[in-house]
Amino acid sequence: MAIRVVVWGENIHDRENATVRELYPNGMHNAIADALNRQNDIEATTATLEQPGHGLSAERLAETDVLTWWGHKDHGGVDDAIVEQVVQRVWEGMGLLVLHSGHFSKVFKRLMGTPCSLTWREAGEKERVWVINRNHPIAAGLGPYFEVPQSEMYGEPFTVPEPMETVFISWYDGGEVFRSGLTYQRGAGRIFYFAPGHEVYPIYNDPNVQTVLQNAVRWAHNPAAPWKDIANAPNRPVGAALEPIEEKGPSLHAPGEAGFR
Amino acid sequence: MAIRVVVWGENIHDRENATVRELYPNGMHNAIADALNRQNDIEATTATLEQPGHGLSAERLAETDVLTWWGHKDHGGVDDAIVEQVVQRVWEGMGLLVLHSGHFSKVFKRLMGTPCSLTWREAGEKERVWVINRNHPIAAGLGPYFEVPQSEMYGEPFTVPEPMETVFISWYDGGEVFRSGLTYQRGAGRIFYFAPGHEVYPIYNDPNVQTVLQNAVRWAHNPAAPWKDIANAPNRPVGAALEPIEEKGPSLHAPGEAGFR
Amino acid sequence: MAIRVVVWGENIHDRENATVRELYPNGMHNAIADALNRQNDIEATTATLEQPGHGLSAERLAETDVLTWWGHKDHGGVDDAIVEQVVQRVWEGMGLLVLHSGHFSKVFKRLMGTPCSLTWREAGEKERVWVINRNHPIAAGLGPYFEVPQSEMYGEPFTVPEPMETVFISWYDGGEVFRSGLTYQRGAGRIFYFAPGHEVYPIYNDPNVQTVLQNAVRWAHNPAAPWKDIANAPNRPVGAALEPIEEKGPSLHAPGEAGFR
Amino acid sequence: MAIRVVVWGENIHDRENATVRELYPNGMHNAIADALNRQNDIEATTATLEQPGHGLSAERLAETDVLTWWGHKDHGGVDDAIVEQVVQRVWEGMGLLVLHSGHFSKVFKRLMGTPCSLTWREAGEKERVWVINRNHPIAAGLGPYFEVPQSEMYGEPFTVPEPMETVFISWYDGGEVFRSGLTYQRGAGRIFYFAPGHEVYPIYNDPNVQTVLQNAVRWAHNPAAPWKDIANAPNRPVGAALEPIEEKGPSLHAPGEAGFR
């Protein structure tokens, strides 16, 4: 069965900005989805901010293996309840690819627990993406580096937690560096942050960038059954202890009572 | 100058439960603060849930080097605005010790980005805390293990991110294990989670537990100046680039315009 | 194409000790290989200490995707040159499963850079293996824990580096805990250490243990082309720099000269 | 009591190369030691390759809190027995600073378990060292970045394990990036790798570089008593188990017998 991907796009500049419209006539989300769908083992659809529930109903999320997230202009417009649904699904095992300005999305900040800030410059300068972890699945098919001819500079410090793995680090014409490909796990869900993707340049039409996204979908896909009750804190009563024990001393909870939250 | 610690306590069971009241006549927060104040390099005061602003005004937090957090019955009663202030201070570099049932506090869940769930049993069983990272500063003065004669069982899976370091792992009479001492960094702030501390047992009067808390305060203390603007994402304009570059191609932002959030 | 596994066994106690001989009439290595070969996507063969070159010629290693290592009585008898060949192949991307007393093998100590010591007791006591990272590929098909009815106790501190992931932690009857399933990456190679496997108990006949080994083979398998020159430190001469630069100032090396090692 | 540092230098180019001799009339090791000794809490002496036992007797190592290591031309000339003594002391808790071309030293490769390879170019180009972990103790007193006007380029992939922390990443004129400040722990010992330090440029006279070295010495210093028996694997006999157990089933070892290695 193919990996079921939902490509989420904010779809604002895609419609309102002439440059972006020309580069991505069907919106960036469709350009990304098309690139993914060129792979037989991936089945990508799209969802956007302006749709009811941002196109991310609980039912749809339940049937999503990997979600990709691109937003920029209106992070604040994403409904907090939807954010919590997405986060819960990541914890259950849904993969998440956070793209470019998605570093400041509610979803990513919520999962990282840090500001996720950085420095930036919009000058169309060259970004050279170095492969740090050469045989990592996300780097399959790439050379030692690839270049994005025109890119927005994202500079360190990138205030995220130490990653599980540093896959890419970028060099910029203007003198900065950036950890542009980082992996994390939160609950059962794998997360990949990937920096390139500024909307006024044709970055998602770049074959290397498309290769990264295809690889990352496969890497983030967790075939295990969703861990639905991951946020529960079940009581294991004394009588059900794996080793025979006797209750000693005082107690706060009556037998069978749920814990505090 | 001494390390300035605020010991935050929920102070509900301390007042309402006869067992807890007897064990900690001045509340657990004062028992913890007293243990810390026995060290010349630590200066601990307390704050509690029922105080205005939970005793954690912005001014006070600004003068706090390390905060310890114990809550259990009313995590939901902690004001979200205060939570954000605490989180911001951790990002700036304030140390944080999260104690026992604080695993489910808003502050800890916010910083971890995970459910922070576990399994539990209140049977007064023995917990043997094994030192995994023997020469870690937090383990200074301990033997290969120490025992908490009566403890609440906390069992795996503990749904937190992979830690920076695993300092302690606990063995329980009833057959479970738990990663009972874990370190993290979020922004510039160091975080230590420590499991023992159920309120109906005299755990914070235990010399080994007190040693851990004293050590952890020193470990979590970051003497660097607070990183106050850590959540900002400053623009580095083209003219101020470290290497001479020229703007190429289209642009989304007018010169000097702030980024989206 | 199936994953090509070589199951390496020391094959000393398998022949010399009556208990082991009875449990594993064809040796432990064959019991492990048989368990792996029950999976269609795995093709396992065996190699043993007493064979020429320990059965691990450069040619054979070059065609091995994943190597499993069990040794106990004669770690010192493994030829250093073979150890280096194995290590080189791990760096190139070959997966490695280190089993039980293999913690003290030359290969594992070489790749960890630490003593890899632990405490131990041979009492046939029960080991309860807790799954810490529940939806990790290595834990597929397991419940929250499984038990090894008779096991050798391995206790902390286990002097290995902080792992990439803690997959299992074990509880023992006698009061100890042990991080019994740990993942690492060294070069391009993935490494999994798994503790259960003392030879006088029928541990490799246990279905849960077999499931772990089958899962771990798949997890450790890196389909990328071997990174053969990973240990080289190539010069990038000035004329071949990606950005135009001019040589400034003094130099140690003549043009084209190799670096020191 | 001051932190006792031994600054180890290969001292070959320092004597044989006219450029290096002019920059460092007393050798690089003395330049580094002088910079450290300007701090009241540090007491640095030196040792060099050509001295008996490379100046690193067991007695001297036993009284060393932190060792710094610079070598380049003759890594192979370092005696394997001395390497093992150094490694053992790191495991016991001695801090280690590995400098520049020390990435290929026997000591560092031994502790990492990886090739520690990289790419390089000697062009006197500019290296801009970005601070990734801004309030880390090793970055105290630095700005967001500092520049080494003339440096040897070291490029990724740097084949080391994922670090505990990424403190610095460097940008080079010629288009490469490099993780130039990385932390590790091996046994009880803290290790910091720091890239700048090519001998034909006056890098160790640079105030920022000196600040990094002074900070790193303090960070790497572990005041805990040395963990001398860290490589032992002690038996915990059945009769001494912490929980009462009875021996069940067959056994490999006679009572009191040492384990295999």
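By letter and in written order, the chains are A, B, C and D; residue numbering begins at 1 in each of them.
One rule holds for everything that comes next: a residue touches a chain if its C-beta (ideal position, glycine included) is under 8 Å from a C-beta of that chain, and two chains touch if they have at least 3 such contacts.
This one's a predicted model, so the numbers in the text were calculated from it and none came from an experiment.
More C-beta pairs in contact connect the chains of A-B than those of the other pair, out of A-D and A-B.
Repeated interface, listed pairs B-C, A-B or B-D, reference C-D: A-B, with more than half of the contact pairs matching by residue number. Rounded to a whole number, the gap between the C-alpha centres of chain A and chain C is 31 angstrom. Centroids of chain A and chain D (each the mean of its C-alpha atoms) stand 36 Å apart.
The distance from the centre of chain A to the centre of chain B, with each centre set as the mean of the Cα atoms, comes to 27 Å. Shared contact sites, meaning residues of chain C that touch two or more other chains, fall at 128, 134, 155, 162, 164-165, 175-176, 185, 242. Viewed as a contact network, the protein chains are fully connected, with every chain touching every other. Chain C meets chain A in the complex at residues 93, 128, 134-135, 137, 140, 145, 164-165, 185, 188, 222-224, 227, 242.
Residues 128, 130-134, 144, 155-158, 162, 164-166, 169-172, 175-177, 179 of chain A are the ones that touch chain D when the two sit in their complex.
Interface of chain B with chain A (complex): residues 13, 17, 19, 72-76, 87, 91, 101, 104, 110-115, 117-125, 150, 153, 155, 159, 161-162, 164, 173-176, 184-187, 198-201, 230-238, 241-243, 245-253, 259-261.
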